[in-house]
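Quick heads-up: structures coming right below.
Two complexes follow with subunit A in common, the first pairing it with subunit B and the second with subunit C.
Presenting the complex of A and B:
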């Protein structure tokens, strides 16, 4: 049957950081892309920080793919900062520093060199964040790194709806929806900002808000803001996901959310389509090519527990034969092929797979 | 679709469902799908008393199910808890009626003028608020008597149109438009003699009534399906129920459940059906450039998203020359059928709708298009912008001579 409406140039499976980047790269080259997913990948757990130092493959594409991703986040209103040669120490909720090369601007802000006077602000009643603990540990680690910043702990009280406990999800949702909540937050932080040049606090700056709202808060306070992801859901991570998703929708990417892939249709080493496990009967989408960015536990879709990829990210059977000539893999599913590298690898392989599917002659691995 | 017993242990507590829940977003006191679904279900299965009124506040939008990366049937777990929840007598009585829109429709269409007049009177609405806990803020949709006739066409694939309560009792004219649209696209439609689909019964925690409705509907449609006819719906909630609900509700009776699955597999949303005609080159696109309603905003109802069919109405309307259509993608409207009429839930319903209302205001369309009747009510109530069913827009788009060739 001719499948007009549900035929795409490319199907990307998976809406984690690799799938999103792949769909964005292909769409930027004019491809008609479908993004098929169940859940927002690891965005719900983290903040999207990128460390490039562990990357061991595709290094010649690193700069290009990171630039692409940085531009993408800027267009989507959730800017990343950084560069592949940078190593920056940003704080974590455990009071340690993690090294990153790229991070959302609101986390990039948190490096000890950014400010001398740092206030770590907790919220009354929020059990998952202890400002005293974080401040004490950050002071210790900053000193060990030879940075001169000082850390003080502060607590503010934010109004809550009746019968609720303090939670970052509640505060995040209210930040998005409620101007009076943002004003309340501003008023509570103002006295602290008067004596600090950086405020570190649990991430509550909305699940959908653009960076303009956070920057507006910063400029009113006259002080940098750094947010830390707390227990799931990670508010900074979900914001990143929601912003990128909204941007991709506007760019014409078609989303099919909530229905797992039942089957990849592969005939004679050629991918033809996917069957999604929709109610009543499967939904069949067809495409000229497919990118599998379905995460670390998904290689069963390929009918194998381990596989290797060739120089342009196409999975091969142990005999060396391609599983399908128009099938690419990106992101954490590549762990099954011994690649490493977390978000850096996800962005790198996401970008490369999207470009390869668009017929742009990049090579992931140099042979 | 959702594999029940396995799925409870599939919950990793990642909280994706909570970020997707419209009630959590708008009303922080709500414990959220993770808590009310899998977490409390573990205790319920151990026989530990944990009944809570909050299960009543679930909209049944299924957004949690779609957000879950691990195929947990979150909303179904909440729906089951809802069915065993103990309610105070007044709400029990009110919800008994809300669970039976078919019965309400039959009664009110005996003398619709009287019923509509009475329901429109402020004192009556205040009385209903005091006695039945039905919000006086909303107007009931008008009830009307009307016949939907589908003259037998000599040719064309036979399809059975499942009208649902709203079309049957409130907007039979829309049903006529559905029939006309089907005929224009080469089908030979018949109107099914079916009752309420049972979504309102489930939403009001009345599992027994939902069972009755599902059984009656399955028995009424199975013959047509077995003889090769497809079922078509124009209401997203009816479509959702036939596709996902019948087999679940009837699982105690394997024979009926099997029939329900056959019916589900043969059921299509009207736009889904028209798109399938397009795939085989049989879609009638004899459109005239749109003279009015050129700037549209589309709202996808939750029970449309839960069907996993893409967004066929949006794709069809986009093809009308001169029409500009924006997919609002601004979440749940908050109405959820009878939910928004309930006095204690009215504020939550309106709070949920805020994002959609803001999206509509920003888009400033001539009309909003959505295929769910109660979404339409909520949109008009929350924004004052007219909301219509996409059938009306699509039918109007055909050239006059094309429309007038039809036997209707």
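Presenting the complex of A and C:
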């Protein structure tokens, strides 16, 4: 009994970096893909920065998968900078530097070598960010890294819509839809940009705006912009998700968002479909194969608390038998509680699983 | 160098109670605490204001003490007490003879109790196991241990007493067998100082043995570890006890929005470096679920341990933790060891802290040649709140915030109200679980309070900030910024404060091995772990 409308070549479960990359890889090979998720995964927490380290497996695929991901972000209008051999220090809201290999361009900009004169800008009323604190700590850490950049703190005031508080979500939303807000921001930043070659500020450059809008702001200011993800939700992370989602939709990927997986249907070691906890009645989707990219706390979907995968990312029972021949795992569901693979592993396994599901003979682990 | 009459060592409930009692009797005193107020066993217990039911069968003296102190605390410190009432639940698998014994013993010491049928009990507490036989009522209550300790200190200070936190006593200075003073070290700045005094009271709880050694005397203590689990929801309206011989995990205390299950009883070498095993946690949860089945599925927010500092005179040193009396011992080292001017107060329990303080201060005043009666049983611990300020607060803040503020701050609410009137942005709620406003945050970090917070954890003990599900991941960061903005810390200190705070918060969650709180912990790690380079200490 196959409902054509609800049948796919591949179901990807989970819309974090791993799931998105997996769906994109499979779609690029012509697969009809459904992406089911409860929400935008870990995108709401961070900015999507990638640190290539502790990825002990699949290193031969690293270059290929990172290139794929970088290409994807460029096509989606939210391009990444960096490379697998690069190490760059980018600022955090604690005023420290975090090492990354790949990052959205607006974060990549924040490295201390990028500029000599840096202004850290806070917004009046935004209580969860303090420009003085961040500037003072960045100056300290930059000096420790032997970088000569100087950091000054500045505060600007942005108008608020009636009955709203100053919050990155409100500002980000207005950045997207309100030209006068962007002009106001430009006017407020202009005098600061006159004396700085880089401005670091809390991320408010829209929840879905393309990088062209940020670049336009940069060129009008004549200065680089670096945005910091603040306490969740992270505006840069949500923008990245929204851009990638929009791009994948255009590429034919169907999204089923907001529905937890009720059941994974596996018969005789063969995956047949998923039951989604949709309003009114469960929604059943079927597919030829499935990628589980459901995050670090989701192995119970497989009816087990821990599992291992074979060389092509297919989960095995402790006996070594495959749980299902057409089931792959990607992203943080693979990490045991102590390992840290982060986004690099998510991109790597996401790419590999999507390719494998499309029948492209990549191998995750070398035999 | 300072000079006073009495130095108290230990800033738990007992030490704080002693400071207040001395202040009421007009005896000059300084309290020294090595960390923050209520940091030891006081801040690591159930927060149960015992009715006496727990001890009534085996230790009627301790039970009688509880009966009277329960009434007194409810009278003098209503702002610290949530008078929930309690139940002693009869489980099918427990000894029916004990039920009889329990009820008879209560009658004998005047502990008010009534019997409820199973249906009546379940109507009151639907989360109890449907399999119970019935229950007895009792006047158990929840007491906010932090507020209780802070109120004693604050009231003492208002009457001229003083205290120092993060002041570790390094030596007790003696001359001819008589105490002359104490040396202490500020553990935050490293500075050393000296206080000259006539008497030293050792109220150091689990650390009392160590303090006594400074005076060259032996105080034999048994450190008995109790582990407690804080659950995300309040699963009962009343304190739930299991009606049987005291054992593990047979008390569930509703504490504001959460509830606390405990405890275990394991002898440990000392009050520091406590660890919890996964087996211990599972054991507590399994036992707790016999009483309240929902505990099996509930989310554990945090796990912590404290030690009961039990006094073990040589005669009973072979007994197990639960066999040793919960009564307290007042040790006059002049008559015991010929050390003049030094007394220790050990054992006892939170519920009887006031009586312990009374006993010590009676002895101390006698030794000082004074004859002033104790009045801590009748003088209210806090002045009435300011009605006008309360009315204004209702206009400025949401009702639940005002209710919490009123309980926490009483008359000091007026200061919060005027701060918000001057700067409306201070009305922002910074900790959404415990409803802490920015105004209150700045107040406890500032100099307008007599008990300022020196660390972010201190802020928690004063306001309950960070005690909810996020465990400080969001509000701790904001508290750090507030400390920076109010000049409590410079940027480097603020950053270090936050790192220490996260470390402490993570420690309390690290024993939890499953469920939603693990996800919460990962979130916290993902947000801040990288920034602090916890995996690469060089980069920091």
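Operating definition for what follows: the second predicted complex is superposed on the first by the 362 of 367 C-alpha atoms of A that agree within 3 Å, B and C clash if a C-alpha of one lies under 4 Å from a C-alpha of the other, contacts with A are read in each partner's own complex, and residues count from 1 in each chain.
As a convention for this text, a contact is a pair of C-beta atoms (placed from the backbone, for glycine too) under 8 Å apart; a residue touches a chain by one contact, two chains touch by 3 or more.
Note that the structure is predicted; figures quoted are calculated from it, not measured.
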Notebook entry, point to check: Are subunit B and subunit C a fit on subunit A, or do they clash, once the structures share the same frame?
Noted result: fit
Item checked: Where the C-alpha centre of subunit A sits as vertex, the angle toward subunit B and subunit C in the overlay (nearest 10 degrees) -> 90
Notebook entry, point to check: Taking the superposition as given, does A:232 touch the first partner, subunit B, the second, subunit C, both, or neither?
Noted result: both
Notebook entry, point to check: Just subunit B (first), just subunit C (second), both, or neither: which does A:277 touch?
Noted result: first
Next item on the list: Identify the partner contact of A:325: answer first if only subunit B is touched, second if only subunit C is, both if each is, neither if none is.
Entry: neither
Margin query: Contact-wise, after the overlay, does A:45 reach subunit B, subunit C, both or neither (first, second, both, neither)?
Written below: both
Check: Looking at subunit A, which partner touches more of its residues: subunit C or subunit B?
Finding: B
Check: When the two structures are overlaid on chain A, which partner does A:252 contact: first (subunit B), second (subunit C), both, or neither?
Finding: neither
Notebook entry, point to check: When the two structures are overlaid on chain A, which partner does A:99 contact: first (subunit B), second (subunit C), both, or neither?
Noted result: second
Note to self: Going by the contact rule set out at the top, does A:222 touch subunit B (first), subunit C (second), both, or neither?
What the structure shows: neither
Note to self: How many Å separate the nearest C-alpha atoms of subunit B and subunit C in the overlaid structures?
What the structure shows: 6
Margin query: Let me check the overlay on chain A: which residues of subunit A are in contact with subunit B and also with subunit C?
Written below: 45, 232
Margin query: Can you tell me which positions in subunit A touch subunit C when the two form their complex?
Written below: 42, 45-46, 51, 92-99, 125, 127-130, 132-133, 136-137, 140, 165, 231-232, 296-297, 340
Note to self: So in the complex, the part of subunit A that touches subunit B is made up of which residues?
What the structure shows: 1-6, 38-41, 44-45, 160-164, 167, 169-170, 173-174, 177, 207, 232-233, 238, 246, 249, 254, 256-260, 276-281, 283
Notebook entry, point to check: Which of the residues in subunit B end up touching subunit A in this complex?
Noted result: 1, 13-16, 18-19, 24-29, 65-71, 240, 242-244, 264-265, 267, 275, 278-281, 305-310, 312, 315, 327, 329, 354-355
Notebook entry, point to check: Contact residues on subunit C for subunit A in the complex?
Noted result: 425, 428, 430, 438, 474, 477-478, 481, 484-485, 490-492, 494-495, 498, 518-519, 522-523, 526-528, 530-533, 535, 539-540
